[in-house]
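The next part holds the structures, each set out as C-alpha cells.
In the two complexes that follow, chain A is the common piece, with chain B as its partner first and chain C second.
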Partner chain A sequence: MAALLTKEKETTLYLGPQHPGITGNMMVELKLTGDTIQRAKTHVGYLHRAFEKLMEERLWMQCFPIVCRICVPEPDPNEENLARAIEEIEGREVPERAQYIRVLMLELARITAYLMWMGGQSGSMGLYTMPQWSIGDRDYILDLFEELTGGRVYHMYIWAGGVRRDLPVGFKDRVRKVMDYIESRLVDYDRLLFENAIFLKRAQGIGIIDKEKALEWGVVGPPLRGCGIAHDVRKDEPYEVYDQLDFELITHEGNDVYSRAMVRRKEIEQSIHIIRQVLDKMPSGPIHNPGPNPLKWKVPAGDAYVRTESARGEFGYYVVSDGSLKPRRVHVRGPAYVHGIALLEHLLQGANVADVSFIMNSLGTCPPEIER
Partner chain B sequence: MSIKGTLLPFSALKFLGKKPHTVRYPYQKKKTAERYRGFHYNDIEECIGCGTCATICQNEAIDMIQIEGIEAKKGDSGLRPRVDNGRCCWCGLCVEMCPTGSLSLTDQYLHTSSDPESYLLVPGVDHPEFAEHLSFVKDDEVRLLDLARVPMKELDPQERVKSFAEVVVGYMQEEARREATRCIDCGICVTACPDHMHIPEYIGAIADADDELALKYIYDNNPMPEMCGKVCTRQCETVCAIGHLGEPIAIRWLKRYATEQFPDPAAVLNPTIAPANGKKVGIVGAGPAGLSAGYYLALRGFDVTIYEALPKAGGMTFAGIPKYRFPMDSLDKQIGYMEKIGVKIKYNTRVGKDITFQEIRKNNDATFIGIGFHVPYKLGISGEDLQNSIQAIEFLRTINLGGNVYVGKKAVVIGGGNVAIDAARVARRLGAEVTILYRRRVQDMPADWEEIEAAEDEGVEIIPQGIPLEIIGEDGKVKAVKYGMAEMVPDPRGGRPRPKLIEGNEHIMETDTIIGAIGQEADYSFLPEDLKEELKIERGRVVVNEFKQTSIPDVFAGGDNVNRTMDAISAIADGVKAVEGITHYLMDE
Partner chain C sequence: MEPILQFFYNLVPGLADLPLWIAATIVGAIVVVAMFTYIALFALIGIWLERKISGHMQDRLGPMEVGGWHGWAQTIADTVKLLLKEDIVPDKADKPLFRFAPILVFAAALSAFAAIPWSRSFIPANLNVGLLYILSISSLVVIGILMGGWASNNKWSLYGGMRAVAQIVSYEIPVSLSLIVAVLIAGTLDMQQIVLNQSGSILSWNVFRFFPFPFIAFFIYFIASLAEVNRTPFDLPEAESELVAGFQTEYSGMRWSFFMLAEYADMFVVAAIATTVFLGGWQAPFEFLTFIPAAFWFLGKALLIVFVQMWLRWTLPRLRVDQLMYTAWKVLTPFSFALIVFVSLWKIL
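Up next is the complex of A and B:
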C-alpha cells in the first residue's frame, strides 16, 4: 500500500491516429503516471503520399496539382512557393497584378486556416459552439475561392508566371462584403473564445515554449511571435508585393497557448486589413507571363530556396533543377515538422493528458506537411 | 476567474432564437460558381484525339479509347479521351492544354454508385447533356500552349525579284529550338504525311538541342530532306493540332533547319551499308521516287542503277522547282550523298531512246518506273501554237538547265497550281509584268497559300474566275489573250464549286507571252508495245499494289505516275514502300 502511494505505475496511452488535436492523422504515444505525461512520442506516417518523390517523376507543370495537397487547410502557400522557386531559377517576371492576386489568395487562405484552427482549438477544450461558427464562416471565403479558381479547398490556381484566371466581374465587392462580415463576427468570437474565462484558465501558462530556445529549435510563425519574437517572412524578406502594403508585425508575450491564440486572433484583423489594401491598390494588366509549352518545359539547371509566411509559420521550398523536364528535387520545409514532432514531444513532458490536443492545436500541427 | 470572462460567452445565447442555416432555408441544390471544375465535357466533333489531355494528366486519369461512330481519318486519330473520375483531381490542366478547345469542365459534380466502372466516363459521349453546363473553359487571356509561330525571315520582295537568290532565309539555332518547343508530340501529323516521317521525334530532338539525332530520325525514311525541308507540300502542317487555334508548327522549316546544320550528312549518319546481295535493280527516272527507292535499296546491299534523261538528278524537284525555292547546291549535296553510298546514276540517258526498257529489264532482277509527269496538258484554245505561247513545265526546265526563254515585258500565266505560281515568279524575275489567269477563286487554288502570297508580294497580279477563250496573235506571235469572267456554281456531284462562263463578260489583255500551266501527264512512249498492253494503266497512272508492284511482277512504280497527290513527299513515300516490295520480291523466296 505504501509502495503504491510513493510510486505510481506508468501506463501507456495511444492517442490517435484519429483525434481532435489536428487536421489529419497522427498518433501520439503517451507514457503517463496518473494523468501527468512523463514522456511523449509522436508516430507519423498515416498520411504519407510521397509528394516530394512523386514530383521527381512529373513534368514541372504537373507538380502544381500535387503541391496543394501538402496542406489541406491552407494549400495556397505551397502553390505560391513552387511557382516562385521556379520563377527565381528561370528569372521569369510575374506581372504586378498577378502578384497582388497572389497576396489576396494567400491572405484569404490565412483567414480560412485561422478559422479552422479556432474550431480545433475550442473543440479540443470542449467548446463546440465555436467550430460551428468558424467553420461556417470559413465557407463564405471558400465561396470566394470557388468563384475565383473553380475549386473550394484545392485551388490549383497559382502557377509559374502568374495565376490562372483573372478576377471575375464584381469579385472585389464580394471580397469586401465577406471581409466586413468576418470583421463583424470577431466580436462574437472574442466573447465566446478569446475573452472566455475558461479559455483563459486553460490556455494561460500551458504549453510554454522556452523563449531562449525557440529560435534554436526552429520555431516559426504564431508560436514564435507568441514568444514575443518579431519574425515574419512577410516583413523580414518581403515577397510578391508585401513591401508595398502597410501592416504591423504582431507579437504577444507569454510563450503559452494563450499568447499564440492572441497572435492569430490579431492576425485575422491584420489579414483583413491587408486584403482591403490589396483590393484598393491592385493594378490592371496581364495576370500571366507564359513560359514554354508545358510538355517541353525545361527549367534551367539551378536551385532556389523560397519562403512564405503561412498560417503555421515559415513555409519553405527548396527546388533543384538539373535542366531537364522534371524537377531533380523538391524539398518542402513545413513548419509542422518542427512544431509537430520535436517541439510537441518536448512541450508534452509534464503536461496534463487533457491538454495534449489543446497544445497540439496551438502549434498548428498539420500531418500531411510532416509526411511529404 | 473574472466575472466578465465568465459571463461574456453567454452572449452566444442571442442566437438561440435563430434557426440554423440548414433549417432556415429550404433544401436546394448548390449553385456552383461560374468557373466550377466538375465533370468533363468534350465536344467530340471538335476533338481530334490528339491525346494531349492524357499526356498532361498527372493522375493518369485519362486514357484514349476508340468509340463507336468516330473513325480515324487524316488529322484525327479516331480516339477520344475517357476520364477515370476516381483518379481525376479536377485540376483542369487538360482543359488548359487542349489544342482544339474541345475539352471543358462542367458544373456537374454529383455521381454516386457502388460500381467502380461507372466512374469511367467518356466526356461528350456519356452525358451529352453536360454540353449545357460548361463552366471551366479555356481562357483566351491565359494560354499554356504557344500558338504563334516563330516568324521565318525572308528576303524583301523588292530585292528578291532581282535574282534567283533563295527567298527563305532559314531558322537560326535559337529560333528553331523555340519553334520546336511549341510541339505537343501528339503525332497527328505522322498519319497525314504520305511518308509517315518521324515528325514528333525529330522535332523533339531539335528542341532538345540534339540536331544530329534529328537528322538520323529524318533520314530513317526520307533520303531527300534537303528538298522536303524547302519545298514540301507539308500535309503534316495542315493537320497540326496547334493549327486548330493557332499557327501550326513549322514542321517543314524545322526539317530544313536540321539538314542545314550538317554540310555532309554522311559524316553524321554514317549509314551501315549491307554487303552486296547480288541482286540488281534498275530504276527509270532520278526523281524523288526513284532516288528514294535507290537510296534504301543501296543501303540493303542491292546493286542500283538509275537512268535519267536530264543531265541532273532530282526529276521535277530539279527541273520544275525554281532555284529561289530549292537552290542547286542543296540538290547537289543531296545527290552527292546518295552517290557516295553507292547509288549509280546514268545521266543523259533517255529510256526508249538511249537504252530500251527491255534491256533494263533484262539486265536487272527488278525494275522501278518513276518517270513522273513531264508532258503538259494543252490549253485547248485557238492560238495556242503561236510563237511565245509556251508551257510552264518546259519554261521552268529550260531556265533550270541554264537556258534562256523569251518572256517579253508582259506575261500571262494560265492555271492555279504550284507550277503556275512558280512560272509566274520566274517570269517576274526575268523582268516581266506577270498576271495569273485562274478560272476558279483564289481560295480554290491548289497552290500553296504561302506561295500565292509570296507571288502577290512580288507584284504578280491574279485574276480569279477568268477563263481563257482565245490567244490572239499578230505576225505569228502572241499579241493578247481574250478571257471571259466566270461565276461559281455548286458542283452537282458534291465537289468544289465549278466555274461557269458568264455570257458577254469578255476582256482582252495584251501580252507578250502566254504560259500554260494547267497540268501534266506521263509519257509512256518508252514502253514497248507488248508491255503497254501487259502493264495496267488507268487514267494515265500505273496501277500498283500496296508495295508498288505493277501488274508485271518484276516491275514496280511510284511517284506522280502512280499516286494522285502528285507531290515530292508522296513520291518519296512510294519509293520507300517499293523498297519493301522489291526486297520482298527478290529476297523472300
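Up next is the complex of A and C:
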C-alpha cells in the first residue's frame, strides 16, 4: 500500500490569479496527490504598483493618498503610520482631540476589516449568507466614514499633525447607534457562523501554526494571538491614546483556523468597547497642529520606524527623510507579506485542496498589501 | 400507463380506433412534452423562488425589476440571455462527449418523472418496480456529470466530476437503504401502491408509522438526497471557492442551462420521492380535506421539501471531502442498516 501511495502521480493545479476562492490577484501553485497538497508555491506579482518607489517621487502630502491603497479593506493604519512617522521626525505635537479621533477611526476601520474578513472566511466554505450580512452591516460604518471624511473606502483623513476635519454635529450619536446595531448583530453572526457545527468541524485542527515557531517566522496579529501569544502593538507599545483606554487583549489557544476566527470575533466586541470609551472621553480642542504650506513642506532629515496594529496584524513603516520636499525612502512592513507567502506555503503542505481558500482567508492574505 | 391512455381515449375518441402502439406513442410523446414543460416551468419558478428566498435570508430583496411584480420575469429574461449566448466548446475538449453530457444528465432527470404518482389516476408509467426504476434511472446522472467533467479537458472540471461520482455513488447507498425501510412497511415497490398504503389521516403516513424508525429514515433520506442532487452542504462537485464551478466550468449558454434544469428537476424528483414514500404522496393530511385535488397535496408537500432544500443552502457551509465520506459511510449507512433491522423485526413480531 505504501509503495502504491509513493508512486501516485502528482497533479499541478494553478489556483489563481483569477479564481473565486482566492483573496485577490495572486496565484498558488499546488502539487497534489489526490486531494492532498504536497507542496504549495505562491506566485505574486500580478498587482505590483511600486508604491514605495512612487512615494520617493512625490511630495510628502501626496504620499497620503498612496499609502491608503496599500491595504484596501482597512486603509487607516497606513495613514496613521505615515503620519506618525513624519510627526516623529519633525517632532510635531498632535492635539489630544485629534489623537482620540484617530483611535476612533482606527477602531472603526478594524471593525469594517473584520466584517469583511467574516464574509471572506464564510464565503470560502460556501456560506454565502454571511458575506451578505456582514458586508451589508459594514456599509453602516462606511456611511459614517463618508460623513466624516468624504470617502467611503479610502479616507485620507489622518494627516501629519492631526486629522483633516472635526466631527460633524451629531456624529457621536450616530456612531453610538451603529455600534449598538453591530453589537446586536453579533448574536446573529454567532448563530450563523461562529457556532455553526459545520464551521467548527471544518475549522478546528486545520491550518495549525507551530506555536514555538510563530514568533520566529514573524507572525503577527490575530494569527499570533490565535496561538495564545499575547502580542498587540496597542498594548506593547501604546500609540495615540490607547494607554488611557481600557480594553482586553484577546488570545485564544488552539493555533488553528477556529482560534484565529474567535480572536477576531472577540476583538470586534473590544473595538466597540474602545469606541464607546473614546466617544465618552474625547476632549474638546483643536484637531490639527498645522505645519508649513504643503507645497513647500520639507521634513527635516532623519528617520523613524513606527508600528500600528491593524486588523491583520502589526503594520510597520520605516520612513527616511533627507530634508527635501520628498521622502528619501518609505519602507512598509506589512503583515500579509509574512502571512500570505511563507506561512501560507508552510500551512498548505499536507492540507486538503478544499482548505486552501479557507486557510488563506484565516491568515488575512491580501495581495495588494503583499506587493504594494 | 393504462389510466392515462383511458383518459386520452375519453378526451379524443378517435385515438381508440388507432392501433395500440400508435396511440401509446402519441400519448407518450404528449406526456413527455408536458413533463418537459413542467420541468422548465418548475425551474423558472424554482430559480426565481431561490433568489427570493436567498435574498430575504440575506437582508436583500432579490430580483425586483424585471416584469414588475417582485421581478417575476427575471428568470425568463435570464433564459432568453442564455439562449442567445455563444455556445463555446473548448478546443481541446472531447467534443462528442462534451456535447452529449448535458443531454444525458437532463434525460436521466426527465425519465425519473415517469414513475412519479401525481394523483390517483395520473402517473405516466405505473410500474410495479417504480421506486427501483427511479433510483436506477437517476443514477445515470453520475455518468453524465463525469462525462462533462472529463470531456472538458480542464482540471477543475475533472476534480468536480470525480468528486461528484464519489459523492453520488456513496450517497446512493443511504438513499436506497432508507427507502427500503418504507418499502418494508408498504411491502411493494409500486409507487402508487406505496401511496395507497398510506391512506387515512396524517398518522398513517409512513413517517409516523412504526414510530420512530421511518421518521429517522426520512431524515436520513433527506440528508442523503441533498448529496444526491449536489445541494449545500454537499455541493462539493461545484464548490465555487475550491473548484471554480466544478464540472460546469467549461459549459456556457444552453448546455450550461441544461445542467441547471437537470439540477432543479432532480431537486423536485428527490422531493417527490420523499413525498411519495414518506409523506403520503398525493393523499390529503386529513379525511375532510380530500375535496382539494390530489395534485395540490402532492405539489404542496414536494415544494415544501424543495423549500427546505433552499433554506439549508443559505444557512449551512460546505463540508470537506473527507467529512462528506465520513457522513455517508460511518453515520448514515450504518444507521439505515440498523433501521432496516428494527423495522423488519417489528414487522415479523
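The rule is short, and it goes like this: the second predicted complex is superposed on the first by the 361 of 372 C-alpha atoms of A that agree within 3 Å, B and C clash if a C-alpha of one lies under 4 Å from a C-alpha of the other, contacts with A are read in each partner's own complex, and residues count from 1 in each chain.
We adopt the following convention: contacts are C-beta pairs under 8 Å (C-beta built on N, C-alpha and C of every residue); 3 or more make two chains touch, one makes a residue touch a chain.
These numbers come from a predicted model, not from an experiment.
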Partner chain in contact with A:L200 - chain B first, chain C second, else both or neither: first
Partner chain(s) touched by A:E88 [first = chain B, second = chain C, both, neither]: neither
Which superposed partner A:D322 touches (first chain B, second chain C, both, neither): neither
Contacts of A:N352 with chain B and chain C, given as first, second, both or neither: second
Partner with the higher number of touched chain A residues, chain C or chain B: B
Contacts of A:L192 with chain B and chain C, given as first, second, both or neither: both
Touched partner set for A:D303, first chain B, second chain C, both or neither: neither
Partner chain in contact with A:E237 - chain B first, chain C second, else both or neither: neither
Which superposed partner A:T129 touches (first chain B, second chain C, both, neither): both
Doubly contacted residues of chain A, that is, touched by chain B and again by chain C: 129, 136, 192, 196, 198, 201
Contacting residues of chain A [partner chain C, same complex]: 11, 13, 19-21, 35, 122-129, 132-133, 136, 192, 196, 198-199, 201-202, 352-357
Chain A residues touching chain B - in the complex, by the definition given at the top: 58-59, 61-66, 129, 136, 143, 146-151, 154, 156, 162, 164-166, 168, 188, 190-193, 195-198, 200-201, 286-288, 290, 292-296
Interface residues, chain B side, partner chain A - complex: 1-2, 4-6, 8-9, 11-12, 21, 32-37, 52, 55-56, 58-59, 89-93, 96-97, 105, 135-136, 139, 141-146, 180-185, 204, 207
Chain A-touching residues of chain C, taken from the complex the two chains share: 54, 57-60, 155, 159, 232-233, 235-236, 239-242, 244, 314-323
